[in-house]
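Below are two complexes that have subunit A in common, paired first with subunit B and then with subunit C.
Moving on to the complex of A and B:
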């Protein structure tokens, strides 16, 4: 069974003015995310991808269609806590997600709300902080950490609730390259070592390439859905909606335009080098 | 620089006082304040002074820092003393020039009042010096938890306090950023008269307010995602537990109360004359 299932979901935000209907942020959207997957959701600003994150754990409720989390409809209020425990969401700005004045107390916030035993909370907090590599900062005040460190604390706060799926809504958008790399590594560990389903919303192509599956959103709708190789093979389509392709794709595309016979699905630098090398030797 | 600000007035150190349970500290300080008010002679008050000195000594906080806490109320102490000296007539007349008449009763009362106010302030600042804001709110949360049954929800208040403390450094950083942004557009925060300067602050506060509201909205979302439901059925990771220190402190509370009452009874007559003038 899918961990998150969108069935023909339509959602629109309420307008500030009365009688003015806004265009839907998500239109007739269907998607099924399986357990253990690492899915990247791509799309430019305003394509509706952040709205998906909030729909997926019941922060927002669909206008039409329904969202099922592990079989539970997000409309049912009695399942609300269970749904939020199953699907955790990490947002863009780490500053606005940290509640407590000490790192470990912030990580404990979620489990405390769930009414878990103190000794078990301690175990979860320690293991969550170790997973994201922030254990040695457990006694620090969050205001003394860098953006990347804060974002990893925010991720630890979600892991401590032991969700089966984590949605990250552009978690690296406000970070410097080092912070971005650290956060990315922590996310990959979650998926690989802990088997947590990861839905990663981003507009960085280099990060999306790391996923098993890429979903491209455009104008509130699902545009493409496939493996990174399948999605980036169609560079013209990706460009037509205002997104870039990874640099390796760009290079192989330019080379192909010059008549060099390269494949169109080369995503990693190693792959590209290997292919060029093979071509050179073949000549 | 701006990241180095301390939250509240907490001085992190390893001492007997720092390791005490915040609830016990609150009990100690509250009963001490009541006892200072009940003291009606110099011997009882002197005993309270000794207790304060002892607490400062074992807290390892430098005396200079403690006395700094008195600075904001120097004016209040001064005014109280002057009024006491001016209006209290009792004992021997010390000075009598023109319309100014200073009596020994007045001077003693002034000293008594100044000492009383100082002790109150010093002991309360010792509480904030030795207790982190988080453990203080934690302690308050636990003390007031039973009141929930009669409809008083203190959890919300302590949660608000925690969030406020958490966001002070964030907002300071933000003020700094907005100020730089406005300065680079030619804003001037330092010159001009008071009205001009107040007006210059408008372009600072409007973005700050706007951003704070957006922050509040995002924080609410994040808290909802972490299953916050107003503290129902909430547990605590670092559950507060009384240790041997707190039982020692509990004994001291009883000791202080008993001592002050006994000293009041047995030494009350010792200075009966001006005692009447100073009992509040």
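Moving on to the complex of A and C:
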């Protein structure tokens, strides 16, 4: 069964001050995310990505259609707590997500609110901090950490609640290359080692290629849905909505236009180098 | 003559306390008129502290900063003058919008320069045009705009002072690919039209490769390398050691060379890569 299911969902934010109704942020959107998947959601600013994240754990409720979390409809208030335990959300700005003055207390905040036994909280906090590689910093003050470290602490805080699905809304947007790599590795571990379903919203094409599946949003609707190879093979379509394909794809696209028969789905440096090598040796 | 120069610039946060941290350690940089400078370095390497010295926001613990040969801290009036000649746009500048309308926000700088109402009006409209903010948006509240629009309004607020040196701290972070292109284009445009010197702090090696005429690499509070794009990126192993990277495309050519293909390693953009690979494929046809 799908862990998150959007069925013909439409959502619009409240009208502005003058009372003019706003266009829907999400329009007739259907998507089914299965347990254990690693899904990346791509789309330019304002395409509706973040609204999806908030609809997926009941922070926002649809105007039309419905959102099912592990079979529970998000409009049912009696399931609200269970829904929020099932799906955790990590936001873009790490500074807005830290609540405590010591790293391990911050991570313990979620499980404490769930009324979990102290010994079990201790176990979860340690295990979550180890997963994101921040265990050595457990006694530190969060304000002295780098952006990437803070973001990993925020992720640990979500893992400690043991959700079955984690949605990350541009978690790397404010980080430097090293911070981005560390957060990316932590996310991959959650999916691979703990079997947590990951929904990863990003602007970075080179991060999206790491997912099993990419969903592309445009103008509040679903535009594409497929494996990274399928999605990036259509460079023209990706560009038409203000996104871009990885540099390796751009390069092979230019060469293909000159009749050099490189593949159109070379997403990594390794794949591109091997394909060039094979072509040249084949001659 | 150099346009902007630092001499043995040192800055210590919390000097005289047990928490002191040396953020800049004997930094010497030299920027010429019209340069497009990129400052790169991992988080905490001193990039932002450095740019905050260049318009006199921070006062050096030791060392000096010269604008057209004059010490910017030599007098109060010199420092005041420097703040307008060197415009600094912080990281995530959209969080610093504060006025009730876009117009007033952009006008804040020029108004502080003591310009007449007519001059201010001209500056505001010109700056808005540079960043692609249409006239009808000027009367809106800045808080009703999208993230990308807010960022452009914030940049217009600095451009409206018509600084000779425009400094932007990570101007494209958090934006989508189209937003990044727009911001980079407008910076390039501003530089070409006004002949201004531009300094950007960036994490994107791809952008640095495409735009910069000079690159300054910061590491551990010191200037690690300074030179042209070619000169910097040929040190790919060293850059990786200090937590940076080379453009993805450069990596492709490093691998091809390792496999024994006669390709240049000095490939930093998709366009250069395309020409080099085309040469390689055509060469292999001719050899048959």
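Quick note on the criterion: the second predicted complex is superposed on the first by the 281 of 283 C-alpha atoms of A that agree within 3 Å, B and C clash if a C-alpha of one lies under 4 Å from a C-alpha of the other, contacts with A are read in each partner's own complex, and residues count from 1 in each chain.
Rule of thumb we're sticking to: contacts are C-beta pairs under 8 Å (C-beta built on N, C-alpha and C of every residue); 3 or more make two chains touch, one makes a residue touch a chain.
For clarity, every value in this text was computed on a predicted model and none was experimentally measured.
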A:114 touches, of subunit B and subunit C: first, second, both or neither? first
Which superposed partner A:280 touches (first subunit B, second subunit C, both, neither): second
Subunit B versus subunit C as contact partner of A:50, first or second or both or neither: neither
Subunit B versus subunit C as contact partner of A:85, first or second or both or neither: first
Which of subunit B and subunit C A:143 touches, first, second, both or neither: first
Partner chain(s) touched by A:74 [first = subunit B, second = subunit C, both, neither]: neither
First, second, both or neither for A:98, with subunit B first and subunit C second: first
Subunit A positions touched by subunit B in one structure and by subunit C in the second: none
Residues of subunit A touching subunit C in the complex: 16, 43-46, 92, 146-148, 170, 173-179, 203, 205-206, 242-244, 246-248, 250-251, 254-255, 258, 260, 269-270, 272-273, 276-277, 279-280, 283
Subunit B contact footprint on subunit A (complex, rising order): 54, 57, 59, 81, 84-85, 88-89, 91, 93, 95-102, 104-105, 108-118, 121-122, 125, 141-144, 154, 157-158, 161
Of subunit C, residues touching subunit A in the complex: 42-44, 92, 144, 146-148, 173-179, 203, 206, 243-245, 247-249, 251-252, 255-256, 259, 261, 270, 273-274, 277-278, 280-281, 284-285, 288
Contact set on subunit B toward subunit A in their complex: 3, 7, 132-134, 162-163, 165-166, 169-170, 173, 215, 218-219, 221-229, 231, 233-239
